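Report on the following structure.
By written order: A, B, C and D. Residues from 1 in each chain.
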Amino acid sequence: MMSRTAYLGPEGTFTEEALTLLEPEAERLPCATVTAALNAVRAGEADAAVVPLENSLEGGITTTLDEFAWGEPLLITAELLLPVRFSLLARPDTEIVHVKRVYTHPAAITQCRGFLNRELADAVVVSAPSTAAAAQEVSLPGSPYDAAIAARIAGEHYGLVELRGDIGDRSDTVTRFVRVSRPGPLPEPTGSDRTTLVVFLADDHPGALLEMLTEFSVRGVNLSRIESRPTGQGIGRYFFHFDFEGHVADARVGEAVAGLHRICGEVRFLGSYPRADGVAPQIKRGTGDPEFAGAKEWLARIRAGQV
Amino acid sequence: MMSRTAYLGPEGTFTEEALTLLEPEAERLPCATVTAALNAVRAGEADAAVVPLENSLEGGITTTLDEFAWGEPLLITAELLLPVRFSLLARPDTEIVHVKRVYTHPAAITQCRGFLNRELADAVVVSAPSTAAAAQEVSLPGSPYDAAIAARIAGEHYGLVELRGDIGDRSDTVTRFVRVSRPGPLPEPTGSDRTTLVVFLADDHPGALLEMLTEFSVRGVNLSRIESRPTGQGIGRYFFHFDFEGHVADARVGEAVAGLHRICGEVRFLGSYPRADGVAPQIKRGTGDPEFAGAKEWLARIRAGQV
Amino acid sequence: MMSRTAYLGPEGTFTEEALTLLEPEAERLPCATVTAALNAVRAGEADAAVVPLENSLEGGITTTLDEFAWGEPLLITAELLLPVRFSLLARPDTEIVHVKRVYTHPAAITQCRGFLNRELADAVVVSAPSTAAAAQEVSLPGSPYDAAIAARIAGEHYGLVELRGDIGDRSDTVTRFVRVSRPGPLPEPTGSDRTTLVVFLADDHPGALLEMLTEFSVRGVNLSRIESRPTGQGIGRYFFHFDFEGHVADARVGEAVAGLHRICGEVRFLGSYPRADGVAPQIKRGTGDPEFAGAKEWLARIRAGQV
Amino acid sequence: MMSRTAYLGPEGTFTEEALTLLEPEAERLPCATVTAALNAVRAGEADAAVVPLENSLEGGITTTLDEFAWGEPLLITAELLLPVRFSLLARPDTEIVHVKRVYTHPAAITQCRGFLNRELADAVVVSAPSTAAAAQEVSLPGSPYDAAIAARIAGEHYGLVELRGDIGDRSDTVTRFVRVSRPGPLPEPTGSDRTTLVVFLADDHPGALLEMLTEFSVRGVNLSRIESRPTGQGIGRYFFHFDFEGHVADARVGEAVAGLHRICGEVRFLGSYPRADGVAPQIKRGTGDPEFAGAKEWLARIRAGQV
């Protein structure tokens, strides 16, 4: 039976491209927002969802981060790194000299600032909810906008032509997407895994963050991302997203997250899944599974008086 | 001579309200974007700028964070915490039942989600670059939007009426604004100060963040905010914004930031300024200015062989 | 059946006094050295041994420390703190003005230095292997020594009279004794326990000691004693004795010692036993047994995908 | 003018050998005890003293450690590592089969245990205050002892013959000696230096040792020795001796010891002096003198508002 995967639509978004690469066979269910895509999974209307988590220029996608932290729990089961290429798209017969009003997502404005200053210095640039929505809007007859900045795939979907391709200021911009499902069996450890957590402090005392990081470092678990987000309870109150090397089935990772569970207010496990880059962690002396198993046996022996 | 202060306009933004409170006497220079407001200071067109830095619901204002990190250096000289109250604003004679298209900033969408679901469940909500821009757009004849969500002050500026007031989901939402100037003398230490830094890693080795936090903790300097931002050089490469207690003129703070300067790639000092909340830090034993002075004298003596 | 306990003799030592207090009913087996007492247990000639571990003036008893580290393993099952009172003891008819040669253990020389300088400034003071051996020697006809410094109990054993009592410079000097047995079931946790370990480094890299201490601190286990001893493999190569709060049956202690086992070269468990002072540790938030049990269950659930 | 150096005598000790190597030209002043040798310097009767600090088998020489901590301050100006070779020494005409009573220092007993068990299993071994004192005693007509274990040099001094040479269990036993003077100018930094401190805690709270070690590690200063000693105020109260890489004139060392001065109760500086092994430390990124100087300049600039 074919699986159905929700994504941040409309058709033509970078997210759809990510979904195509992650699950070529899946039936695609476009949703208007990240929240809607995740809710489709929660409600059982989709088996999974693909949503952006962070962008190498723009940083964390806060809607995704906050949905993962506050919404009904979901499990990340895969990640994908997708290079981002922007195109200037317009209705057929538009020439670039006629482009006076450009519509696109604010992240694309930032990422194409050099191009815009150089070639469209006089154009007004207006923020859109997504790059694909911008393309869709521009494709409508009577749109107040002359062009959209979006993925080329969006142009194909909405019958736009590409006035300029690859207009981003940096050619190495990457967006990291994740696939999430309802809670269930975790992906098997592969030796090159990543784990994602959300951690709320028990009480916001000085040194609390240092204590959390020490739970990782003392077991040789390397962080790859830390992101603070406001709890909503006033300036100065934050919770944290952590990405780190390894699978929760690894002994060192398990003990570290159990340590956080003990000392923190709430720990929400978001998943352990294969790393997109396939890099295997360097396991620090004394923190491999065999060493944890050996220490456990030794501890049982000494507790039994068999020194 | 009256000073001139740039701000994120147009007239009627929360930022203007913050500016009014911080500098009641200043001439106000509205700018279209945070970047434009900061550039006005850099170019000497304004003496200072007031911009939002973070919001207790939405988190860091990434444009501000990235401007402070990458743009020509500026100095934070004051901060203000401003409660955020949203109103639903429309052209005169509009009734709430006729509101089908709402225009506002995405942060306001998030913060008013409860109200929107409850009273405007069928309305389309469209993202605007700022709440004041939304109010301005709605005030135009022929606007495709029926209402804006913005500060009441924006309605007054643009001739809109308030259909509903205080529609945010939480009544305690606060935005933190800062005033920045061109580099120059720092505000005097008050005993209740905050310092803000941007830190780039020298090399992104495991434990680098723990090392940075240890530079603070070993001198008894408490962090109040940490925010990671992408360097733009690929997923997994971040730099950090830190807010912490104390003034760089304090010995413990000076030694801590000098420590970061030594071990990190680049440290950009963004300012030491009075805390808006007036809270004085608890100074840990051994980290006060007299103890630093005593240790310095003692060190000089033992280096001179006067043990 | 009566148990037999070896101790550092001859009869009349402080160690015999400690044994009397720890095991009033035991048959006492005096031995010439700490090593001999411990070997009596190892060989099955005694059920237990009582030996000094440290003194509040002199520090660790290195013979005991090194026997515990290098000899055939034994288990500490009890500890006792014994105030040390020294007497100047002589053959009957000796007067203090005739005392020209004093014999005693070097620790007693140190601890009675004030008395010796004050009242026996011209006497020669010679080192003896133990205070009781000094008393025994003085009791022999033809001894070259006029007086011994030892426990009053030693005087009674060897027919000496007390010329002066309580001659130590400090009245609060205490020696800590431990009772050891062959490996077997540990004493039950009492809520006021101490655990003793010997730890050898895997490789003597910079920061190795800090890493060991972090294994304790991250689980809220407080050290009460750390003592470095040479490994015998050259200056700069040490191993460590640790005493710390809690019983190895406590979850936080178990995880800490297992952590040391993983990262260190060799960990020798010397026992968990009731503290002589009866003080219960303050258990830091997140490190109690219920919190460890809760974290373990939570970890099992998330590993099973039941987030 | 010839300098005069006190040492732990009598003539013929290993300490005299160390002195000969450290100061071939000095006039030698033998003293009965370590304390007497140090007091000779304090009183101006000698310009310097050479005393043992630690032994690779026996550990710290507690008399020396405690004199350095509690006595009138002195300054270590040099160190020497001396291999220790023991000989069995007797009066002329003694044969090894006649040796029934052996006299020597307890450390020598330990270090020659294999030899004693193998070749003198039936002999009684008695503790002496020093190996040279043992040789002297054995040289006296009518001595109750048949042989001494001491340095060969001691035999030469006292007219004894060597029955057996190099009888230590390990051929790599080393004693570390130091030369001390009254406080005055420090030896110049050589790039291969060691610094020695004594540190008393301000209050003996959990984690105090970890905090001290962090003051070193955060500035990249590697410890080479840590030794706890009782303060005399009861079991569980210790102070610490630290040896570490570098000279107090080095910026990283200076800041670390100043940090200890701030957070600890008392820090006694015992000296910075060339390492006997000539090893130069690996200076961790960000902790070299130029980096400290750069950070200091940068800090001055930002404090002056020159960001």
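Everything that follows uses one rule, which is that contacts are C-beta pairs under 8 Å (C-beta built on N, C-alpha and C of every residue); 3 or more make two chains touch, one makes a residue touch a chain.
The chain lineup, named per UniProt: A, B, C, D = Prephenate dehydratase.
The structure displayed is predicted, hence computed values, not measured ones.
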- Interface composition of copies chain A (Prephenate dehydratase) and chain C (Prephenate dehydratase): same or different, split at half: same
- Item | chain A (Prephenate dehydratase) and chain B (Prephenate dehydratase): spacing of chain centres that average the CA atoms, whole Å | 25
- Where the centres are mean C-alpha positions, what is the separation of chain B (Prephenate dehydratase) from chain C (Prephenate dehydratase), in Å? 59
- Query: Between chain A (Prephenate dehydratase) and chain C (Prephenate dehydratase), what's the gap in Å when you average each chain's C-alpha atoms?
  - Reply: 57
- Please list all residues of chain A (Prephenate dehydratase) that touch 2 or more other chains. 214
- Note on the structure: In contact, pair by pair, are chains A-B, A-C, B-D, C-D
- Touching chain A (Prephenate dehydratase) in the complex, chain C (Prephenate dehydratase) uses residues 73, 75, 183-186, 202, 211, 214-215, 218-219, 248-249, 254-255, 257-259, 261-264, 267-269, 285-287, 291-292, 294-296, 298-299, 302-307
- Query: Along chain B (Prephenate dehydratase), where are the residues that touch chain A (Prephenate dehydratase) in the complex?
  - Reply: 54-59, 62, 81, 106, 110, 126-129, 170, 172-174, 176, 206-207, 209-210, 213-214, 217, 222-230, 232-238
